[in-house]
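Across the two complexes that follow, subunit A remains constant while its partner is subunit B and subsequently subunit C.
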Partner chain A sequence: MRFKRISLYVVKKIVKLVSLLLTICILSFLLVSYSPIDPVQTYVGADMMRVSPEQQENIATYWGLDESRTEQFLSWGKAVLEGNLGTSLIYRDSVADVIAERFLASLVLMGFAWVLSGIFGFLLGIVAGMREGTIVDRIIKGYCFLLASTPAFWLGLLLLMLFSVSLGWFPVGLASPAGILAEDVTFIERVRHLFLPALTLSIVGVANVALHTRQKLIEVLQSEFARFAKAKGENGFSLLWRHGLRNISLPAISLHFASFGELFGGAVLAEQVFSYPGLGQAVVQAGLGGDVPLLLGIVLFSTLFVFAGNLLADLLYKLIDPRMRKGEVQ
Partner chain B sequence: MMDINQVEKSDHTLPNSLIKDKTPLFEVNHLSLTFRQYKKGLRESSTQVIRDFSLKIHQGEIVAVVGASGSGKSLLADAILGILPENADVKGDLKFAGEELTMEKQMLLRGKDISLIPQSTNALDPLMKAGKQVQSVIKRKNKKSIQERIFHKVGLSKKAGEMYPFELSGGMARRVLVSTAMVSEAKLVIADEPTPGLDEHARNETIHYIKQLADGGKSIMFITHDITAALEVADKVAVFYAGETVEIANIDDFTGKGENLRHPYTRALWNALPQNDFIPLKGSQPLPGETINGCAFESRCPIAVEYCAQKPPQNKSVSGGIVRCFHA
Partner chain C sequence: MIERTVKQSNSCNLRQRTLVTIIIAFILLIGIILSGALIGPEKLGVNLQLRNIPPSFAHLFGTDWLGRDMLARTFKGLALSFGVGLTAACISTIIALVLSLLSSVNKAMDAVITWLIDLFLSMPHIVILILISFAAGGGFKGVVIGLALTHWPSLTRLLRAEVLQLKNMNYVAVSKSLGKSRLWIARHHILPHLIPQLIVGFVLLFPHAILHEAAITFLGFGLSAEAPAIGIILSESMRYLATGMWWLAFFPGLSLLAMVGIFDLLGRNIRRLIDPFHSQKL
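== the complex of A and B ==
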């Protein structure tokens, strides 16, 4: 029975993922095919004057540009299914390799920011919720509202101006010092380069978790079971520990895992400001440079990334909440 | 059915001196409860929810506090336990076992000497196993075995202790709540509307457990708006109207057409019961915060005269009960 449930769950999720990917593929392929970027021109680049119209025609035919959109989509889709995402025009390297390399850099940045903002936001939310209505609560709430309405790139610029330009504590950009071989870059240097972009991302990510945690904790503290717990002699920290944490961690966890999309969106902006060579920066370059294979590749990859976040949130919820866990089994 | 006396009795005997001179286990005198609120900026306003509440409960006694919805009954429980929100002002004397019940004392006693049976099964933490929630009030060792023994007494299996509240039926959850009061060493149990919304069987079961608790030596404050349930279990009935105790009557006073009852409101409640004359009382009680100069019941009272609206009546003892009425 249990096995049947689990396999049904897996099948459902797979169907969802496949249909999601298919939709994303069709949509992004359509958008790109209608974009004003001429693939032949982008491919040839500055040598366009030296390529005769007949040669251009030949390239177009070779790429299948004279075929209908459906046929183009089907042949692209077939290649993707075979694991061939094509070659990036900007990097002159296979798209899969570029994504892998860039994602690793982004993963460090996003992971760092994600963990920090999660812990910090959760703690701030608890403090505000426990002290609802006090000056502490108002300061935290105001701080969160301010953060929630702050664009990531603007905050990044501010931090850059303060810490890199005025104080000179951190480098202005990139992931490692210029002019040094990759294998000679020290760990400290890497952290120094990572610090500001990660700080930008985590500061922006705090507001959401903090405000939701605060709200949930206030709800829990006003609940019937909190009243009963108080009547049983529990209060303050023991009440929070025994009855609060489990109840408030559920929304915080699901929210934080489901925020992979926003995290990725924030990374695009932060990486741009700090010239940090991650996936976010690559997607901007691909878009501006008309690098269609890379653009589509990153779109597909980020879809997977966000889907994975939501899936993790879903699974963790089932793991932690007995109502979900046992409900599944019974 | 199950007998709670054997194990529990020894824990609940009070010092002999207390029983000898009949000091009430719990005593409230002129309790008032006001909520402060900030309206429009910094102007503070206050709403009085309980105006003048007095009550005595002796050891092993069940005293029902009967009042309509919205008369501030549940807040009364919170006031006694000391778990009101911070914007509440409590005035009046609370005494427990002859000693003044201060805020610090309340904090020490709640869950230990004073226990609550809440109204709703939502009072169980949805993410904590039922057994664990009962064990939290046990101060002795062998928490688990004590909890399982009590569960057995109220007809819950060992397995129920490992269940989460959502896996329990309404009836089982209610037994979990009752067993919290049973395992505690509480001398005073406040049952906050434990019967409304229950079917006949569950209601009788709950009343049975409350009687058991009292037989085990615990004093019970049974808060309810169900006067029939109150008459079934209680030794005394305190009638609560618009934040005041208007009458404390003995159970035997509720007979006939209510001739032995001292207050017109109590009489009206009694005669409104279907098994009696089924005469409804017109109007509604004053809202919390409404200013009342005279008797709270004046506006609905069939025997009110002019001065009833001018000054409030005081408590007086009449034929073994207490009443707040000029005419009694």
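== the complex of A and C ==
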């Protein structure tokens, strides 16, 4: 019975993932292929005058641009299924390699920011929820609403101006000092370069978790069992520890896992501000520079990333929450 | 005298205070948009004699490296953001309404709509915007299309849940057994209940749309480099940060934050006023 349920769940998720990826492949391929931006022209770039029309046609034939859209899509799809995403026009390297290398840099940034914003958001939410209606609660709530309307890249610019330009504590950009070989870069230097973009990302990420946690905690504290505990004389930290924490931590964690899409969006902006060489910067360059293979590759990859986050959020509910595990709650 | 006004403001109930907030927010927004729209091209011109002036009374937001007044550029940019936000919010709200009504037709349709919502939420929003902008061949058109077509999923999800609940109401069942058509029921029983959610959803779409517009123009998509959009102003200012010209980035960003914040406030207060379920909380 249990095995059947688990396998059903796995099959459902796989079907969903496959259908999503397939649709996104078709949609994004259609969108890109209808773009008026000429791939040959962007590839040749400034040398357009020196490349003869015959040579341009040769490039087009080599890329299969003279085939019909369906044929193009099928050959691209086949290559993707074989794990070959093509060659990036900007980086002149295989798309899979570019994504792998860039994602690693982004992952460090996003992971750092994700953990930080999760912890701070959760703590702020608890403080606000425990002191509902007081001045502390109002300040935290106002701060969160203010953050929700703050453009992430502007915040990044402010931090850059304050800490890098005025105070000179942190470098202005990049992931490592310029002019030094990659293997010579010290750990401290890396952290110094990572700090500001990660701070930007985590400040922006706090609002959602904090407001959600606050709301949940208020709900929990109004429930029957919390009222009974209060009647027994429990209050403050022990009330939170025994009755609140378990009930609010799971929704907060799973909400935080489900926010991978926003995290990625924030990383795109933060990387642009701090010229941090991550996946976000690559997708912007691919979009601006007409690098179709890289753009499609990152679209697929980011979909997988977001799906992984949502899946983890879902699994956490299923695995950790004893009510869900026993199938009492649907 | 002062004491009396304080007392009076205390004696206002929540509803009155909400109304006052809404009116103030509305007036502020109209003010921002009108002053942006009324700024003529002569104010945006280049004036090389007045380059790099820090904020002063003559130029409240300072001037840039071409002597352009940043206050005029910022307000022009906010008016543009509002225009884009309005287009995006209108189209996305209509899409959300149509899809949520369609989802009530039958189970298969509902599954299709849910799947569509999941599809759009499965990609980072900014990546979709970049993709659509690329497909439209760059330019402002691409940005507007992208913003208009991608802001419906969360509102649709909300409306769909509402429609599902309404569908099981007794009066809908009675209407059905009286032989009323689906369209009649949708118009007379479901739509009126959706209107509060629609208005609130419409207003609360603005903050998202405006922030995304600023973000995508900041990344370099869409508008040409000299157009006064907040995103472009901020991305230009990046080149001058190292020279200590902080006012180029600070004030335009702060104004954008203010406008987004006012929209957010307006939306939340309208919800408090017309949606009784939410008025207890927040």
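The rule is short, and it goes like this: the second predicted complex is superposed on the first by the 325 of 330 C-alpha atoms of A that agree within 3 Å, B and C clash if a C-alpha of one lies under 4 Å from a C-alpha of the other, contacts with A are read in each partner's own complex, and residues count from 1 in each chain.
The rule is simple: contacts are C-beta pairs under 8 Å (C-beta built on N, C-alpha and C of every residue); 3 or more make two chains touch, one makes a residue touch a chain.
Please read these numbers as outputs of a predicted model, since none were measured by experiment.
*Asks:* More subunit A residues touched by subunit B or by subunit C?
*Replies:* On the superposition, C touches more of the residues of subunit A.
*Asks:* Who does A:Gln56 touch here: subunit B (first), subunit C (second), both, or neither?
*Replies:* After superposing on A, A:Gln56 lies clear of both subunit B and subunit C.
*Asks:* Can A:Asp321 be said to touch subunit B (first), subunit C (second), both, or neither?
*Replies:* It touches subunit B, and subunit C stays clear.
*Asks:* Per the contact definition in the header, classify A:Thr87: touching subunit B only (first), subunit C only (second), both, or neither.
*Replies:* In the superposition, A:Thr87 contacts neither subunit B nor subunit C.
*Asks:* Tell me which partner A:Ala152 touches in the superposition: subunit B (first), subunit C (second), both or neither.
*Replies:* A:Ala152 sits against subunit C, while subunit B stays out of touch.
*Asks:* Under the stated touch criterion, which partner chain does A:Gln72 make contact with: subunit B (first), subunit C (second), both, or neither?
*Replies:* Neither partner.
*Asks:* Between subunit B (first) and subunit C (second), which does A:Lys232 come into contact with in this model arrangement: first, second, both, or neither?
*Replies:* Once the two structures are laid over each other on A, A:Lys232 reaches subunit B alone.
*Asks:* With the two structures laid over each other on chain A, which partner does A:Ser223 touch: subunit B (first), subunit C (second), both, or neither?
*Replies:* first
*Asks:* I'd like to know which partner A:Leu20 touches here: subunit B for first, subunit C for second, both or neither.
*Replies:* second
*Asks:* Hey, what residues of subunit A end up touching subunit B and subunit C alike?
*Replies:* none
*Asks:* For subunit A, which residues count as touching subunit C in their complex?
*Replies:* Its residues touching subunit C are 16, 19-20, 23-24, 28, 31-32, 34-37, 145-146, 148-154, 157-158, 160-161, 165-166, 172, 215, 260-262, 264-265, 268-269, 272-273, 283-284, 287-288, 290, 295, 298-299, 302-303, 305-307, 310.
*Asks:* Across the complex, what residues on subunit B touch subunit A?
*Replies:* 78, 81, 83, 107, 110-112, 115-116, 118, 120, 122-128, 136-137, 164, 166-167, 177, 180, 184
*Asks:* For a test of understanding, state which residues of subunit C touch subunit A in their complex under the given definition.
*Replies:* Residues in contact with subunit A: 115, 118-119, 121-127, 130-138, 207, 211, 214-215, 218-221, 230, 234, 237-238, 241-242, 244, 246, 249-250, 253, 256-257, 260-261, 263-265, 281.
*Asks:* Mind listing the subunit A positions that touch subunit B in their complex?
*Replies:* Interface residues on subunit A, with respect to subunit B: 223-225, 227-235, 242-243, 246-247, 321-323, 326-327.
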